[in-house]
Every structure is written in C-alpha cells, then in structure tokens.
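Working notes for the structure below.
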Amino acid sequence: MGLITLISDWGLSDYYVAAVKGTIYRYHPDAQIVDISHQIQAYNSYEAAYVLKNAYGNFPEGTVHLIGINTEESLDNIHTVAYYKKHYFIGCDDGIFSLIFDDEPESIFELNIPMESSSHTFSSRDRFAKAAAHLASGGSIEELGSIRDSIVSKILFTPPINDNALKGMVIHIDNYQNLITNITKSDFDNFIKGSKFEISFRTKKYRIFKVHDSYDDVVYGEIVALFTGNDILEIAINKGKAASLLGIHKKDPIVVKRM
Amino acid sequence: MGLITLISDWGLSDYYVAAVKGTIYRYHPDAQIVDISHQIQAYNSYEAAYVLKNAYGNFPEGTVHLIGINTEESLDNIHTVAYYKKHYFIGCDDGIFSLIFDDEPESIFELNIPMESSSHTFSSRDRFAKAAAHLASGGSIEELGSIRDSIVSKILFTPPINDNALKGMVIHIDNYQNLITNITKSDFDNFIKGSKFEISFRTKKYRIFKVHDSYDDVVYGEIVALFTGNDILEIAINKGKAASLLGIHKKDPIVVKRM
Amino acid sequence: MGLITLISDWGLSDYYVAAVKGTIYRYHPDAQIVDISHQIQAYNSYEAAYVLKNAYGNFPEGTVHLIGINTEESLDNIHTVAYYKKHYFIGCDDGIFSLIFDDEPESIFELNIPMESSSHTFSSRDRFAKAAAHLASGGSIEELGSIRDSIVSKILFTPPINDNALKGMVIHIDNYQNLITNITKSDFDNFIKGSKFEISFRTKKYRIFKVHDSYDDVVYGEIVALFTGNDILEIAINKGKAASLLGIHKKDPIVVKRM
C-alpha cells in the first residue's frame, strides 16, 4: 500500500513522468501511483493549486501528493513537505501550498534529504520521489528534514462584496468549456440571503436569474448556473461550450446582484 | 485485486479523473484502476461505445467498467449497472449499453445507492465510483439496486447490403489516421463469397481489389485494406495518413462491390 | 509484483493502450503497468528510443519495457526481447534497440510465442503483452524463443569534433520548449578541457559563454545552458519558451567552439 499522486506541467510526451514513477518504485515497490494531471500550463502554480485543491480530498487519509511544478529551490522557495488534513504534500514552496490549503497546515518541514544527481534541474525525481516513497511506505515526516515555521503566502482573488454586488471571476475553464468561478456556495448564500438575484457577465446580452440543480434542468443549448460537486458556482451551456459561445475567458468578471 | 477501468470525456487537464480514482481507492484500497481513455469527444456516447466495445474483452472476467459520459440521470436515462459476458458495466443508460453489447446483457440493475454529495453534476464520483468499488471488492450486483427489464436501444449503422453492393462507412479515424469502417469480416465474407470485388470511396480516384494481411504487404505510401485485430475492415496507407491524404472523413461511405 | 512499462505511438484516444493492458492483466493479474508515453510521433523510432533511453534506468532492476512502435514483423524486423543492464526490452527490432543501448545487450532472443489472433496488425497485444506478462511474473527469457546473435544497428548522430568545434544538434524539444541536444557532459568536458568557450546557434544573434547549474541562475527570460539530470546539454530560457522565442527547430545545429 501507499498512495502517491502526481501533478505537474511535464506533459505526456516526455520521459519526465516515467522517471519520477520509476524512482518511486525503486524506493517503494508497492506504491500505488495516481496521475492527477501532467497537463498543467507550464509554470502555472495557480492552475496546479486549483486542480489539486479539488482533487486531494477524494483520496484516503495518508495519501502523499507530489507537486512537480516550479520546483527549483532558492532561498525564497524552499523544498517543503506539509501535513494538512491528514494528507502529505511535497513540493517547492513558491506559495502554492497556501493556495491549496484553507488554513495553516499541521506541520511543515524543509526537505533536506540529499539530491540523487549532481544536477539541480529535476528535483521531482531526485528529491521529491524519495520523500514520497519514504512517507508512503510509513516513514515519519520528521525524518525528512527540519521544521519550518510557516509557508509562503500567496493570495487567491476572493470575490469582493459591497452592498449590492458580489464580484467574482472565472478562474478555470474545464474540458467541456464550462466556466468555473471563484464564488463558493456559502459566499453566494450569505450574500443573497434568499432574495432575488441576477448573475451577469462581461457582455450585457446574457443574464441568469436562477441557480439550477443540474445541467439538464434547462434545455440543450441553454445557459445554466449551478453549484458543482465542490460547491463552486459554475456557468455552463447544457451540452454546449459556454466559454467560446459566450466569448468568456479566464479572469473575466461574473457579477451577482441582489434585486 | 479488483480491476476497474474508466472511460470518459473529462480530458486530462482537470481534477475529474483524480477525484473518481481517489474515491474508488477510499472505498476499495486494493483496486487496480486502468484508464481506457478520457479523451472521448465531449458528450459523444457513440465514440465512447466504440472504444469500450473494442477494449473490454481484453480484460479478465470480473472487470468493472465505469462509463463517465452523459451521466446526468433523468426519467429516461437511468443510472445502471449491467452484467454482460462476465464483465460489469456502470453508467447512465442513454442507449450506450446497447451500442457496446451485441445482445441483451445477463442482468440489468438500476443503481440506487445514495449519491455522495448534494450536487447532481458529478455522478461518476458520487455514485458510480462507489458501485465500482463495491463490485471490484467482491460485492454482489443485486445489492446495488433494483432489477431493470431491458436497456435503452440505440442503433448502430450496420451496412446495408443489396444485390451488388455492401454500403459501409467510416466510423472512426485512429491516431495513425487509419480509416476504421463498420464492415465486419463475417459481413464481408458473406457478401463476397469468394468472388472478385472492388472497394471504393467517395472519390473515384482510388479503388482497392484485394484485402491484405498486414500493412507491410504493400510498399510505403500505398493504400491497403485489411482486417484488424478485431476483424473490422480498415483502410490505411502504409506508414502514411490515410484520412488526410485521401480526404476522407468520419461517416464517409466505403462501398464493396462484387465484380 | 512485476513492473511493465509501455511506450508507443498509439495516442490516448483509442482502445489500443487499454487492449494491451487488459491482455497483460489477463496473463498476469498482479502486474504493475506504467505508461512511459503513448504520444510518440507516429512511426518515429528515434523519438521513442530517446524517451525510453532516458526513462528506463530509473526503474528497478527486472522491469520489463514493452515498445509498441513499428511493430510489424518482417524478415528484416524481428520480434525481439533483449536483456540489457538487468532490464528487459520487448519490441520489433528495426534498429530501435541499438538506439536505446550504449553497447551490446547481454542476451537477445527472437520471440516465437504464438500470436493471439489471426491478424498481423496488433503484435503489441497479441504477442508482446504475453511475453511481458511471462517475464514480469518471473518466467525465463529462454522460454520466449530462440537466441539471436546481434541486434540491428541504427546510428544516432553523435556530434563530430574537429580542432575548433564540437558540432551538435537539437534532438528533442520538450514540453517547456527547452532544447535538448546530443552533446553529453563528458563530450563537452573532453572538448573544452577547461578553456573558454562559446555556444552558438543557427542565428548569430545569441551566444552563450557559460554553463550554469540551474535555470534560476539567470533572470527570467534569459537564455541559459545547463546539463540536465541526464548529463545532456540543454539550452533553455528561464520560465520561457526557447524553441519558439529563438526560432530553433529539431535538427538545428548547436555549435561549441573553444576560444
């Protein structure tokens, strides 16, 4: 046993993914390795954090998550393992941990196990894989390095609220071209408080006055707003491609108004 | 043990695949999970059925196949588990089961295990994953719900035959741009009955008078017809890209005539 | 136990990968299967060899590597299993083995286990998968066929050296658009012997006078040369896309001169 997940921007055409997996198996032959995604946009820690934040909680307690993006170590960016909600996270702390967690992790350690090769370019294989194998095979986090006080803080844009408007934005466009916002169900409910509302986009042409339970609550080709399995507001077109049909891009505003 | 395969239109850039796998591992830590494909065209049950139909029989008996496409439940589209040729299939019955099976499955059950979350948008994670874990860990199909009489029927275009012609079509273009038709070896043999024949396409320019055993039976760049490992007629160009070189698309006709 | 890796040009949208995995599990239910890549350019044995050469050494001894590219057997291209540095390699010997290995393998056998189907088009499923399952479950290589004397020789372009210049080239562009050359650290060091040097490209505009240890040794957007985790010279732009920004393609020259 010993579940290890991988997330990275390595793509699937190269030897990078396999090199990391081979190394894990060398140190822990019984590991179960799961790919979260290797198609994160190059160097985009925000996208990696979004995907991992929504994936990790589905895994059993004790799962080890190896984060293979922006892994070059520096004085500011420390190779780190954090323990949070009974999951382990290994990566280079450029602030990505703070984007994944909702509050401070229970423990934070600086990885100081030796690198496998003289090169500094492939930390995921040369250091993180060993640390992941160590944890997944039952080793303690304390053995991996020295304690750190806190993680680097990066701020996610949480939607500002004033008297009349909750101003969110599109933070992700998924494979169906559904628009994922940064508006949570609890933020939405707290703001609306049962009154009537309007959800509007960059273009004035489309407005939504209702949140549905499922895509099929509207006919094919119709716009629908709903809260997804992770309680985040999503704008979609039933069986259609919302992003291109509505001309909406990442970071475009999604505004909720009380009426 | 307990093999579970996944097929879907989720893509590989999002958290969806990982969320389903994590959930399966939570309910069945020893599961072996195999991706069939997550790059099925969005909402295309026909393509998913084609790929799964050609894949599943290679797996050991008892394998569980989770179908993550068009999963929204409705009065017409029931969440279903079917047992067919000693394999389990879990999905939303929009007719996709009838496209995968050649005849009626041995048993059909409506899934009525509770959903994991209040949302209706991610049935693969919130219901199918639990059902798959249950079956893969040795649980019985009867415990998953109530018996159904029959599956929804969707019709695949089987090639019409008249006195002189067997009129098939291209149903799939693979990664090499080989043209996969809907003409089976037995349909072809029954129609030809040993006589001479001609295979023609949309354009009159190319015709084929022979079916070969392997791509290399013709020189590089030459057109070749052959029956693949699944006994389906395929038109290819040896080491070349038939679809773009011949200008042929999905659903284009492939006609066999006796001479 | 029993690790089996797969590398191929099948892509991820078809049933080919799953058919091979299912077959392996049928013959060896406890196999651990790892994808190296299925996105190798169609028919490109050179690219497959590059990726596998850089991946395989990370895996534990005894791992079986199944090579699913250009697999059609002929009198010249023999279905082969080779044992090299305590790893097994199964594929069709069009010269690809010679591109992966640095010297002769310890043993070479012609596979003569029967094909699974009457078709000749899917050897990876119908023959290689069975051979891989046999080896991964502890079977001996001798049982798989008859001994061969040598493998087919294909030549990689090793960089020619004259008095003043080491003339390498770009052999691979990775997911970050980093330029991977065919210049090894030992070739470079032997040529330079501690003197000053200049690395130049097709365009005279850019030149490099130093090899760094890591990408971050230069500021964002700056060109950097370094030896990667596999001791191969790489030209990159820190957090940028070297290939498109410098206008450099595969097979373009990278020249090192002593000054």
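First chain written, first letter: the chains are A, B and C, and each begins at residue 1.
One rule holds in what follows: a contact is a pair of C-beta atoms (placed from the backbone, for glycine too) under 8 Å apart; a residue touches a chain by one contact, two chains touch by 3 or more.
Fair warning: this is a prediction, and the values are worked out from it, not measured in the lab.
Q: Would you pick out the chains that touch subunit B and also touch subunit C?
A: Common neighbours, subunit B/subunit C: A.
Q: Compute the rotation angle for the C-alpha superposition of subunit A onto subunit C, expressed as a multiple of 5 degrees.
A: 120
Q: At the place where copies subunit A and subunit B touch, is the share of residue numbers found on both sides over half (same) or under half (different)?
A: Shared-number fraction below one half, so different.
Q: With centres defined as the mean C-alpha position, give me the subunit A-subunit B separation in Å.
A: Averaging C-alpha atoms per chain gives centres 32 Å apart.
Q: Check each residue of subunit B and list the ones that touch at least two other chains.
A: 12
Q: Write out the stretch or stretches of subunit A touching subunit B in their complex.
A: By the definition above, subunit A touches subunit B via 1, 3, 5, 12, 32, 34-40, 50-52, 54-60, 63, 174-176, 213-216, 226-229, 231, 234, 239, 241.
Q: Using the touch rule from the top, collect the residues of subunit C that touch subunit B in their complex.
A: Contacts found on subunit C: 9-23, 25-26, 29, 33, 42-43, 72, 74, 117, 119-122, 125-126.
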